[in-house]
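The data blocks that follow each hold one structure.
The two complexes that follow have chain A in common; it is paired with chain B in the first and with chain C in the second.
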Partner chain A sequence: MGMLEFFPEWLQYHGAALAVVLPLLMGAICAILPSERLAWITTLIVVSICTVTAFGLLLVTFGGESVIYKMGGWDPPKGISYVIDGLNTPVIFLISAMALLTTLYGLPSVVAEVEPKKRAPFYGAFLIGVAGLLGMVVTGDAFNVFVFLEVSSISTYVLVAMGASRDRRALAAAYRYLILGSIGATFFVIGLGFLYMETGTLNMADIGRKLQELEGGSRVAMVAFGFITVGLGLKLAMFPLHMWLPGAYAHAPSFVTVFLASTATKAALYLMLRFSFTVFDVSFDYVLTVVTYLFTGLGCAAMVLGSLQAIFQTDARRTLAYSSVAQVGYMLLGVGMATSLGLTAGYVHLLNHAVIKGALFFALGAFWYRYGITRTEDFAGLGKMMPWTMGAFTLGGLSLIGVPLTAGFISKLQLAEAALQRGWGWAVFVIMATSILAIIYIGRLILTAYFQAPPEIDGEVVKRNEAPLMMLIPMWILVALSITIGVNSDFVVQAGQMAAEVLGGIS
Partner chain B sequence: MTPHVILRVVSKLLIPLIAMFAFYVQFHGDYGPGGGFQAGVILAAAVILYALIFGLDEAKKAIPPSWVRIGMTLGVLLYGGTGVVTWLLGSEFLSYGVLTPDHPSHGQHYGILAVELGVLLAVASVMLAIFYAFGSRQPELSDEDW
Partner chain C sequence: MSYTPELALALLLIIPLVASVLIPLCRRHANIREAVTLISAALLLANVIYLVKIVAGGARPELHLGTFAGKFEIKFVLEPLGAVFAAIASSLWIINTLFSIGYMRGNEEKNQTRFYAFVAIAIAASMGIAASGNLITLFVFYEVLTLSTFPLVTHKGDAKAKRGGTIYALILMGTSLGLLLPAVIGVQVIAGTTDFMVGGVLEGKASMLAVSILLFLFAFGIGKAALMPVHPWLPNAMVAPTPVSALLHAVAVVKAGVFTMLKVVTYTFGPAIATGSSMSTILSWVAAFSIVIASIIAMRQDNLKKRLAYSTVSQLSYVTLGAMLATGYAIIGGALQIIMHAWGKITLFMCAGAIYTVAHRGEISKLNGLGRTMPWVFGAFLVGSLSIIGAPPMGGSWPKFFLMAGAIDSEKAILLAALIVSSILNVIYLIPIAVRGFMRPPDDPAKDAVIAIERKKHRWVIIPPVLTALGAFILFFFAGDMTDFLMPILPGGEF
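On to the complex of A and B.
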């Protein structure tokens, strides 16, 4: 590993804690900074450091190593440990890199959408949210997961509610998210309580070992698994538990929507993987049943019903939000196969979808920024009015559908291969059918944008008004990434395989 | 003739005691039940009682909202800063033992004191911030406008 030499040795070990502590502390400072520009610069510096750290950790695990960081010098399982392994470093990097891109995008976007007095605290809440998400992913202690889950959730509720200055419905959406999110967190911690009762430890690796010794444990462990599944299911918007998601995505500031869509549900899905496959194990009957029937069943239901609902939305942001519900379904389908190939496919789609949805929501935010557009019918003529942004939206949309040479195609190909290997021919059919539904809801937007004339106001055709460069750059970085993955998917697939190796699964 | 004389007199007597009890809980946290969180809540309760009896404006004069905002941040920084110091001394985050290398258990004692003080400050400030936020909330529509 040549590149690792440039990475300080201190960070290879302490980086796990630094990535969490730095945004947490700087978030607190940001909240009282007097100027929004200062807060933005602070945020930018912090998330850049996090991204570099995360990249270094990614290199460490690509080198085949894993690190266990002992918080406060206390040995696990008594002390809290932070674990860096093949399963979580890609997600850590995803979260920090997306935070960096959204921060760049935020410079124009936050000015347009958040009240002046609230902008510095807004960045503070954002940094604390980043810290919470990174903490959820990096920690090896089950109760610590709950703490960070709450840290990230509470700051996300605040961020969603900040959309109120642009759309009052953000308050109702944030409140619904608050209620459902709190129920989810409560279910999760009840599950942890049962798990502690069964094993007497909170360290995830230790719980895993104890449950192996007990061969799955008694009914208490089963109940624990049920509660944890429902709790995390709420957080990751598993199909019938997704009711908070469309409102939150549609009414939050664009900045927040992009960040949420590409990281929050992904971190929760990571936890679901971690708990179902390493803390619990698919060798236990009850876990295998839940994974095979519940995850697959709900995943397919989400794919079909989420896509159908996306078609009937009149608001473009809601269309994409329901599409996110459907895309979580693809990931769950991959996870539900529980084979090495299936897990790889699910994990690859987790990364790809973050890239694709990030690009799409970036574009939607830019449309709103220039013309105040969110409704589908207002897309008329956008191909002429904002050619670059619409171009990014189109390429992102094609990727979402799964056109060859895009990231979405790689995900679907992987999923279909895994399904065939598992002997689930019907799953391939469902993937094809929902891709057609995706063509309808994305195609409708693209067709309106390119084949209808721009609207006229007072007898004059609306002029071309491209999004600012600070919005186009992050947008096109993601679009370029999506196409790069489509052309050469090696590094993403390798990340997926690394994750599948940690997870195990059935052979 | 000011109203609520009894309430005023009794609460003037109680508030200092409540604040003292908060610090008792704070420093007793090392040896028994207690600690920064509980102490912070009790300390904030003293101010909230003051606000209830003497009015929100008086309370805001005694503890201005700007202090409260700085207190929140300072509390977090005191906690996190302890960890950063242990980092600078070349050990893990929040590994207090390195504060006094000759006698690690002393370091752990100092470390936990600093951390608990941070917790006290943060919790008390946050409680007050929430109380101020709700207390000074103006209805957006007056009742007649409905």
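On to the complex of A and C.
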């Protein structure tokens, strides 16, 4: 990798810590900055540094290496270690790059949606949230995962609640998310407790080794796995633990919705993978059972019911939120196959979906920014009123459906192939049937936008008023990325294969 | 860069795609814009003629564009069947563009730039389908064709267009994503490749059950072939302006469907494997059913375009029937049907468009005596009708003959009967239209006199159907050459 030469040696090693510590520290400082513009610039600089660092780390693992960073020079398992390997660098890069894009988008969007006095703290909370997500992905210590999970969750509750100046329902949504999220975290930490009881260590690699020696361990380990699955299931919105998600997505500020939709559930899913396949292992009966039956079953249920619910929403943001529940189902289905192909497919969809949904929510945010539109019926005439934004929404929507030459098609192709390879012909039909449901819920929005005339206000047809450039640029970057992946998906598939290699899975 | 077969293959896609970019750039100058389309179409045809020649010489130009999603490869290989499809689509693109100019200007349609640009994309997609070297490439362009024709079908942008377009997109995308894609992936998993090879890739790899399931998925997944009951998109697509119906729903889109059907049976299954399963018998029955029932529905339509649409549903199933019988004669018959029906049906659609543009009439019951005012158009309509019916000496007689021979070969007397019944039905629903135009007295001679004056302004909607009618007649004499050209698609290279 020639590009790796641009990254100094120390960054390749210390990058893991830098990407977490920098936003954490700057988040605290950001919150007390006197000017919102200053806070925005600080945030932009921090997430840019994180993105560059993450890209460097990605290159390191693409070169086939992995790094174990010892916090403070303390050796694991006593000290906390950060692990950089093929499984987490794509997610680290995803989180930082999405943070960068949303920050750009935030310049106009946050001004429109958050009260002036709260804007600097808003960016502060956002940075801490980024730090939390990066931390839980990068760390190799199980208890550290819990800490960062809480850091990211608490800041997310705050961020969602900030939507209150635009929509009071954001408060209820944030409260609901807080309650459910805390229950999830509690389950998770109880699980860790059991795990510690069984193995006497908190280092994830070490736990993995010990459990391997114990051949899966006693019933205590089994219970631990159950608690951890439920805890993480809540965080990643695994059906039917997704109840917090539609409200949170629908009422949070657009900025937050985009960031949540493309990173938060993805990071939680990453943890689920990490715990199920490397800390625990599919060679243990109970893990295999949960993965094969629970993940697959709930995944398929989410695909079907989530898509159906998406059809019946009257608010476009809720439509996309339920679609997200369904899309998590696709990922779980891939993971549930537990084969190398299935894991690759699930992981690829994790990345692709982040790109697609990010673009779609960006577009929804722009509709709200210009015209205050969120309801499906108000989409009338948007094709004429905001052609560029609606164009991005259409291309993103086609990708969500899984039309060829878009990222979504790659996901479905991979998933379906993996399912057939596993001998699960029925799963192919679930995948395709839900694609058809996606045609309905996306098609409805697109048809309304293009076929109905723009509304009239006081006898005058609403005029064209395109979104500002700062919104269009991040939106179209994601759309272009989705099409690029559709034409040549080698790098995404390679990332998926790298992840699958780390995870192992059944042969 | 020298002009090689590989470059020519790439140009199949590049020429129409460049046109689709140039057309919006010339939107302020309508004449230059149409010149871009015409020149591109001419270049494309020249390119296709070159390719047809080298394919006839036994060459199979290949082009690899790399892989996507791991082992799936984007690959182009031109073989006789694809060359035939490319030749029809590119030659009729020129004639149809002339017609479009007459129609779109004559009817003062809006958004003409968008229209020409998307037609060019649709042609590019058709070329992609024609030249696909494997199923996955074919699938990609199949979907591009659906999406690029959607704005054409809904060109008028009113509630009716929206409704028609919704049905169009929902059925075509639903069947392709829900049935065709699983079938494609199924072939990849079973055979380890989706490449097209003479004699198929499934031999010895797929069980009888798997073959049956795959055949079922392909037959209904290829929604563009309009096998009943996945045909409703076709009549609903008639909300489109007539040039769209003419080019896309008589040539590009529907022919892409039946072309895929034939291609899959000959190059993926292999005729021997396909007929080995009883599913092919069941599907040949479904096709025969489609042929007869669609003809009966066509008889009951008073709207000219609707009648032609159901006639298309019926005629397309001839190709599907040929594919399912899969004897040498049946397959060649199906391939000839693709060619002959394209020329015949585009004639009929363009005549319908000419009548609409000049006389503003769309109902058959209102055509009394109009043939006296518009003799060329009704003459072309009669010739086109005869070709569709399969009466010699029209091109359309050959495929019917080959298909009947195929039905006899496989000892399916009832299918033979269905073909004969359908021909009779064709006579009943097509001939009276021309007869009404020539024989019945006009309802209102004064109005027709006005139309006769009006006619002179609309030269470009009248010349193209006459040209294609002429083509449908001339093709009769070239059936031997075409059969020779197509022969290599059969395993063993003979009947």
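The criterion applied here is as follows: the second predicted complex is superposed on the first by the 507 of 507 C-alpha atoms of A that agree within 3 Å, B and C clash if a C-alpha of one lies under 4 Å from a C-alpha of the other, contacts with A are read in each partner's own complex, and residues count from 1 in each chain.
As a convention for this text, a contact is a pair of C-beta atoms (placed from the backbone, for glycine too) under 8 Å apart; a residue touches a chain by one contact, two chains touch by 3 or more.
This one's a predicted model, so the numbers in the text were calculated from it and none came from an experiment.
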{"item": "Touch count on chain A, higher of chain B and chain C", "value": "C"}
{"item": "First, second, both or neither for A:Val21, with chain B first and chain C second", "value": "first"}
{"item": "First, second, both or neither for A:Ser81, with chain B first and chain C second", "value": "neither"}
{"item": "Touching partner for A:Ile29 - first (chain B), second (chain C), both, neither", "value": "first"}
{"item": "First (chain B), second (chain C), both or neither touched by A:Lys70", "value": "first"}
{"item": "Touching partner for A:Val428 - first (chain B), second (chain C), both, neither", "value": "second"}
{"item": "Chain B - residues contacting chain A, complex", "value": "69-70, 72-73, 76-77, 80-81, 83-84, 87, 91-97"}
{"item": "Residue ranges of chain A touching chain B (in the complex, touch as defined)", "value": "14, 17, 21, 24-25, 28-29, 31-32, 69-73"}
{"item": "Contact set on chain A toward chain C in their complex", "value": "398, 401-405, 410, 412-414, 416-417, 420-421, 425, 428-429, 432-433, 435-436, 439-440, 443, 447, 450-451, 486-490, 493"}
{"item": "Touch list for chain C against partner chain A, complex", "value": "66-70, 72, 136, 139-140, 143-144, 147, 154, 157, 159, 161-162, 165-166, 169-170, 173-174, 177-179, 181-182, 185-186, 188-189"}
